[in-house]
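Worksheet: the structure to be examined is printed underneath.
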Amino acid sequence: MFLETVRSEGLAHLSYLIGDGGEAFVIDPRRDCEPYLAIADRHEARITRIFETHRNEDYVVGSCELAQRTGAVIHHGAAFPFGYGKPAAEGERFTAGALQLAVLETPGHTAESLSFALYDTATGDDEAVAVFTGDTLFVDGSGRIDLYPDSPEEAAARLHDSIHRKLLPLGDSVPLFPAHGAGSVCGASIAARELSTLGYERRHNRELSLTREAFIRHKSAEQPYQPPYFRQMERLNGEGPPLLGPERWPQPVSAADFAAAQAGGMQLVDLREPEAIAGALIPGSLAIPLEMLGAFAGWFLSYERDIGLVSHHPLHIAEAVTRLHRLGYERIRLWLKEGLHGWEVTGRPYATVPAIHATELKRRLESHQPFTLLDVRSRSEIAAAALPGATEIYLGELPGRLNDIPVERPIVTFCGTGRRSIIAASILLQQGFSGVEVCLGSLAACKAVGCPLR
Amino acid sequence: MFLETVRSEGLAHLSYLIGDGGEAFVIDPRRDCEPYLAIADRHEARITRIFETHRNEDYVVGSCELAQRTGAVIHHGAAFPFGYGKPAAEGERFTAGALQLAVLETPGHTAESLSFALYDTATGDDEAVAVFTGDTLFVDGSGRIDLYPDSPEEAAARLHDSIHRKLLPLGDSVPLFPAHGAGSVCGASIAARELSTLGYERRHNRELSLTREAFIRHKSAEQPYQPPYFRQMERLNGEGPPLLGPERWPQPVSAADFAAAQAGGMQLVDLREPEAIAGALIPGSLAIPLEMLGAFAGWFLSYERDIGLVSHHPLHIAEAVTRLHRLGYERIRLWLKEGLHGWEVTGRPYATVPAIHATELKRRLESHQPFTLLDVRSRSEIAAAALPGATEIYLGELPGRLNDIPVERPIVTFCGTGRRSIIAASILLQQGFSGVEVCLGSLAACKAVGCPLR
Amino acid sequence: MFLETVRSEGLAHLSYLIGDGGEAFVIDPRRDCEPYLAIADRHEARITRIFETHRNEDYVVGSCELAQRTGAVIHHGAAFPFGYGKPAAEGERFTAGALQLAVLETPGHTAESLSFALYDTATGDDEAVAVFTGDTLFVDGSGRIDLYPDSPEEAAARLHDSIHRKLLPLGDSVPLFPAHGAGSVCGASIAARELSTLGYERRHNRELSLTREAFIRHKSAEQPYQPPYFRQMERLNGEGPPLLGPERWPQPVSAADFAAAQAGGMQLVDLREPEAIAGALIPGSLAIPLEMLGAFAGWFLSYERDIGLVSHHPLHIAEAVTRLHRLGYERIRLWLKEGLHGWEVTGRPYATVPAIHATELKRRLESHQPFTLLDVRSRSEIAAAALPGATEIYLGELPGRLNDIPVERPIVTFCGTGRRSIIAASILLQQGFSGVEVCLGSLAACKAVGCPLR
Amino acid sequence: MFLETVRSEGLAHLSYLIGDGGEAFVIDPRRDCEPYLAIADRHEARITRIFETHRNEDYVVGSCELAQRTGAVIHHGAAFPFGYGKPAAEGERFTAGALQLAVLETPGHTAESLSFALYDTATGDDEAVAVFTGDTLFVDGSGRIDLYPDSPEEAAARLHDSIHRKLLPLGDSVPLFPAHGAGSVCGASIAARELSTLGYERRHNRELSLTREAFIRHKSAEQPYQPPYFRQMERLNGEGPPLLGPERWPQPVSAADFAAAQAGGMQLVDLREPEAIAGALIPGSLAIPLEMLGAFAGWFLSYERDIGLVSHHPLHIAEAVTRLHRLGYERIRLWLKEGLHGWEVTGRPYATVPAIHATELKRRLESHQPFTLLDVRSRSEIAAAALPGATEIYLGELPGRLNDIPVERPIVTFCGTGRRSIIAASILLQQGFSGVEVCLGSLAACKAVGCPLR
């Protein structure tokens, strides 16, 4: 019997492949499904079933893609009218060699959420050897409940009961395998450690020690951000996402072709590092350094317009295409093949974003020099620590709140370490703001140099 | 915090890399240590410490190799006078970011055996999140005790106490990560499933439900085979094995050069599949299909003589070199570059081993036709099921027991599925036996076609 | 300006990628077209045009596949009514950066055959820097003319004129890049060296020193074999071959599923080495060791029936699928995932083919022992050297000439080195012949051991 | 017979592997010699001889490295007292299968320079099929002669005679394979096309149409730059360079460790793109974007001090290490593992280099605003086109000519496209200059926007 994990960086998404006796099951596959095929091959196993723990809102699920390439059957919860696959009901067991996977209905994060308990019939089929908890229970966290159709309180109550009446009774010795790790938008404060058991969670997960009422209050009070692309994901994952065709690789083009497409309405996404963007960027482009593409593309990019990518590195383009596909973007048309250098040599205009060091920020603050400090971190981050006098607008909400930006110039964009700041700076430039600067290092550097914190 | 497993097929060896905060520890590394470097790179971590659970007898440990490439410190048990590294004592804790690794002295398999409990100080440093059990406790098994310097009873008692007084008290919720999986020579009946917790083992491991006395009796009665290369491994792992130089790749040569080296005393190892060996093999060569090289090379190959490999596939040669290095073989000099085909076209002689089907074996047995059926399986396998009238000599002991082979011809070599049989057949041919045949399919096929079993 | 060669082993097929200034052209692409994309990427170029030198008869051309993935335009000769692409006429020039490719109509091998002269306008556009000669002119050979619609004499005359009036006038200094290397079925006696110039060919190519009349006589007298799959290739390459879908990987299955599919009419192809096939093979299977799949699959495999592959090595399966796709086979359904070992352990029957050494053959011949020696080499090989008393039937024609096999048993299959012999042996077994043996080493070994030659 | 080319980007270095009959020769191998081993493996050949066309001055030759891994014999010219290998004399022929390699003494670039003519004895051993011309003859160029021990005139005369009396007489049909392509420091104006023949060169190479006297005048007047590392290369390549040990990978470290090493004297090399360096760089670091490392590291880096690399991309680090090894640098100790981001979050200082667009430069020039325009291109580039009023100091000579920089501030660094400008900017910052700016796009952009040219 084997169990292997496939991680998708950027989404902090975890999917699993389990198998025995030449057969394998996949839980919550992503769309770029080669890793599952490769792992199954390595174990000389055939993928026969695919299980979805729930209808995902943060990425396009790869079930249909993987089913088309393997002939596997897809199973998901009965409480949502999926446009594909088969419903699986509480108590059903699916067998591959000596392993059995039993279905547990665990509503709360969504109405149709399932968990799956794994048994090894070779040693003991009365006691689970693992449980796949989807977005119901994370390591040191639990799923967000704001996506549930009913009231927050009702959703939180259901989530509590799913955890305490379905999962924990499996026993303290059972390792858990959730659908997300630290950094996911699907749950607050997930631990960086992926390794845990139900017993360890029962004793150490801060949300599990709350009473039912306290848990309901706590979860109902959470206000996680809902990026606009969630709606698109829910629609696609309900209907069954379209299959990716053979290679939709963007065409590498010259600066002239790229500029022409931009003039025709193409969205430009600059994937380079924050420092490179600060050094020079194409006017009108949206900067999202590659590492943050999974987290932020869905806030800003339209599904209805073409996309053009800026980077000189083919591997970055390939990775960006994969990440955008996971978010359901398919109109990725062009690649500025020599990166910004190819643009510069044509004499086309470029913008720059001067980098402001934490010590300069400190000096300006201490000397009461007029300027705008735009902090784009989340509510919870700002609550933990912030500079005095900052204008606080969450990055995802920036395009809709441009009018809340004060008139003082320059505007220094600011975040935890400087990466989100460069995205914010590019949005301001797109919208015609002038005097835009970026604080590389941001709060981390400010702490290190002794800026006063609020 | 991350935990990743590196598996070495052939040895059923499991090693682990754990890390946090840019630092990583490796437990029981193998000699070909690129995977540890690659995993550490992926996590942007630096390997700073290497832990050995015990002095291994079945492979050359890679601690020195990995230390040389990373600058890491090596730690092992204090109860053996290692020629390298530093002793680690009960209760010592080593920190990397939020993780702590605590030393547990768990003698039994060997006198200096250690286990290591892993803690996540970010959530709870009073309760382990994992335990690395070395050869002390396996999934559904425990370590062999015949290598211990003292009496079997004393060793078994110590092993029992290490498991029950050191490991199980860590708590039922703790996942365990042993040094071997199914198929290892270091423990009998290890489960195929790698996933388990101390609680699951406490309830389902057949050896843990025994009383202390029954456990001692049971372990003392085990008589696992001790291949001759164990001595070499113990010596190397005690002194600290020599570093592998830059690439010791065997030279690809022609049949003429290969034959000349054989005439000069080189050992020939034929890595091809059993059917290919049956079809044609070089007189004097030892057949060990690649998959079995880790398990059987150490029984038959001399450390003092050169080795030449037969296969036309460069990937097989590369894998064979790696596996032989793990066993401490370094004189791997030549590779017959076109495989057997290159030999055949020169007109040099080749032998063949006719394949005998289970139905033919059944016919011979039922008609009482005189022939020798040489079953080379282990005592425990033979105890479970065997054909009547077989001569039973364990494969590893065959070279020393040639005189026990009856005079009837032909001799049909026989095992579980036919793979070990081809090794046996090649040994018989080497030693001048004639009329050698191989039963491809062996016991598995015999059962399927209804041979009478003893 | 760059020029890179992509070789397809098995077909001895050569294709080329040339480019400059960010643009690239491909000449005669194969169907598995990733290498062209990778090379273009490395040179940061976009493939804009694809050129076919002629309608191929020996493999499925990849033009449509590559055009679909790049948007490139396809060009080919005007003298055949292709179902896709655009005709290119004598004298047309196509430009990419400083390079120009000029069209030369060179009928002879086929009516619509083209060659392409390459110019570098940066240094001299009056003198070609290379010429792509398709199947018109090879290194030390020229194209076969038996596929031409008209009389052999007329075809040979046109080929002569294409070479002497179109190609050689480009100048002695021009390197040539033909569509095939040594071992191709598209031309007799192509040299193993790929490197040559028109001048070197003019002086050293044995066919170019003939007078026009002698050339016509020589080419008309050639009788190359026409495998039955040529018709299928011509049809597909005329109409435009269907696109390969996303991954048509055969399903790995157990022996039971494999046997059931065989019973239902599936063709079994055993890809293993000759020795492994001699050791044991599935009754009814066709043995074609992987290296010979490109050369012989088209003689024996039906396009209308499913195909199942035997090998335990995934890389061999992947390579076999690629090679079968190149020949237009698409119904590659199953893979016996554990190879023959998985079959043997079920007790299913297997056949064997005893290997006969050259010295045994010599002994039989000298002692006039009755047996059948079946030499399956080609007419030209047999003309060069053969054993006395052999029955000579070309391997490709064997299935249609079974009645020509003498009654003496055993039948020893025989060829140049033993590889084709094992194919022949498997065909005989398929057809119910008994007493089939194989001479591993064959003529090469016979020469080495001093067999009498005819 | 096969011939394959191995290109080393950055050095524009071309090396070759030729072989036949299971044996292979390598010409001018580089130090990272895995590609030769891989190609030889693919052709199932063993590398038996290594030929050096001359003692290289621009990279460390890999002969000793490759010889150590293959047992091959090294051959080079007799006119220099090499500390390793064997001299090869005019007319000697070396055989591998049907190929022969004949030695031609062709002094001029250096005194001991050799060329090698390749013959195929299977078709015609009186006429070469290729010639390896080292640094004697390039496509559209010839070797520099300033490294020759004697007078320029004498060296030029010898080079002329080597070309006209040794190489061209081989015949117009012979393809040539030189040791360098476009961009090499070993010859001026080498063509971008690698494909040529002696005939094509005779007619189109601008230097070959000169009379002997004109050629001598032309070559003697060339004044190519001599980077200081040439001396080191000549010394190493004369004595025989030391073998690279097993992996000298720099240790990935934190910003704190990196800063400490810098304080202790370590040289910092920033490998990032020009825009990223402009955005932010570590004070005191030398910026050399990865693509230019081979061309410029040797001008600025000391062999006697440790080196630390800045980039967050492991592949860039690996490539940088390889390129530095080729130049003989071995003290590559540390890698700032999170790139500049890891530095910024610690609050450590960083510098910036404002990017100046061509239109701004034009404005300043037209408005006669005082500033320093520092053009770091080569003499020949400046001769072709330049902006008025620029201070012209070749990049390689900049550290020694800081006193020639005018006092006007800001200083805008300027080159062909902006890449060398960023190197220059970092050197100025290192030396304490203030007001340093960089013109991204430089001359290319200036031409596009219509700047006045001198």
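For clarity, chains are labelled A, B, C and D in written order, and residue numbers in each chain start from 1.
FYI, contacts are C-beta pairs under 8 Å (C-beta built on N, C-alpha and C of every residue); 3 or more make two chains touch, one makes a residue touch a chain.
The structure presented is a predicted model; accordingly, all values stated were derived computationally and were not measured.
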{"item": "Label of the chain whose CA centroid is most distant from the centroid of chain C", "value": "A"}
{"item": "Between the pairs A-B and B-C, the one where more C-beta pairs touch", "value": "B-C"}
{"item": "Inter-centroid spacing, chain D versus chain B (mean Cα positions, whole Å)", "value": "49"}
{"item": "CA centroid of chain B to CA centroid of chain C, Å", "value": "44"}
{"item": "Shared interface positions of chain C, touching two or more other chains", "value": "none"}
{"item": "List of chain B residues in touch with chain D within their complex", "value": "22, 41, 44, 46, 69, 71, 244-247, 249, 251-254, 314, 337-338"}
{"item": "In the complex with chain C, residue positions of chain B that touch it", "value": "272-280, 312, 315, 339-341, 344-347, 349-350, 352-355, 357-359, 417-419, 440-441, 444-449"}
{"item": "Residue numbers on chain A that touch chain B, as the complex places them", "value": "1-3, 20, 98, 120, 122-124, 127, 129-130, 140, 171-175, 191-200, 203-204"}
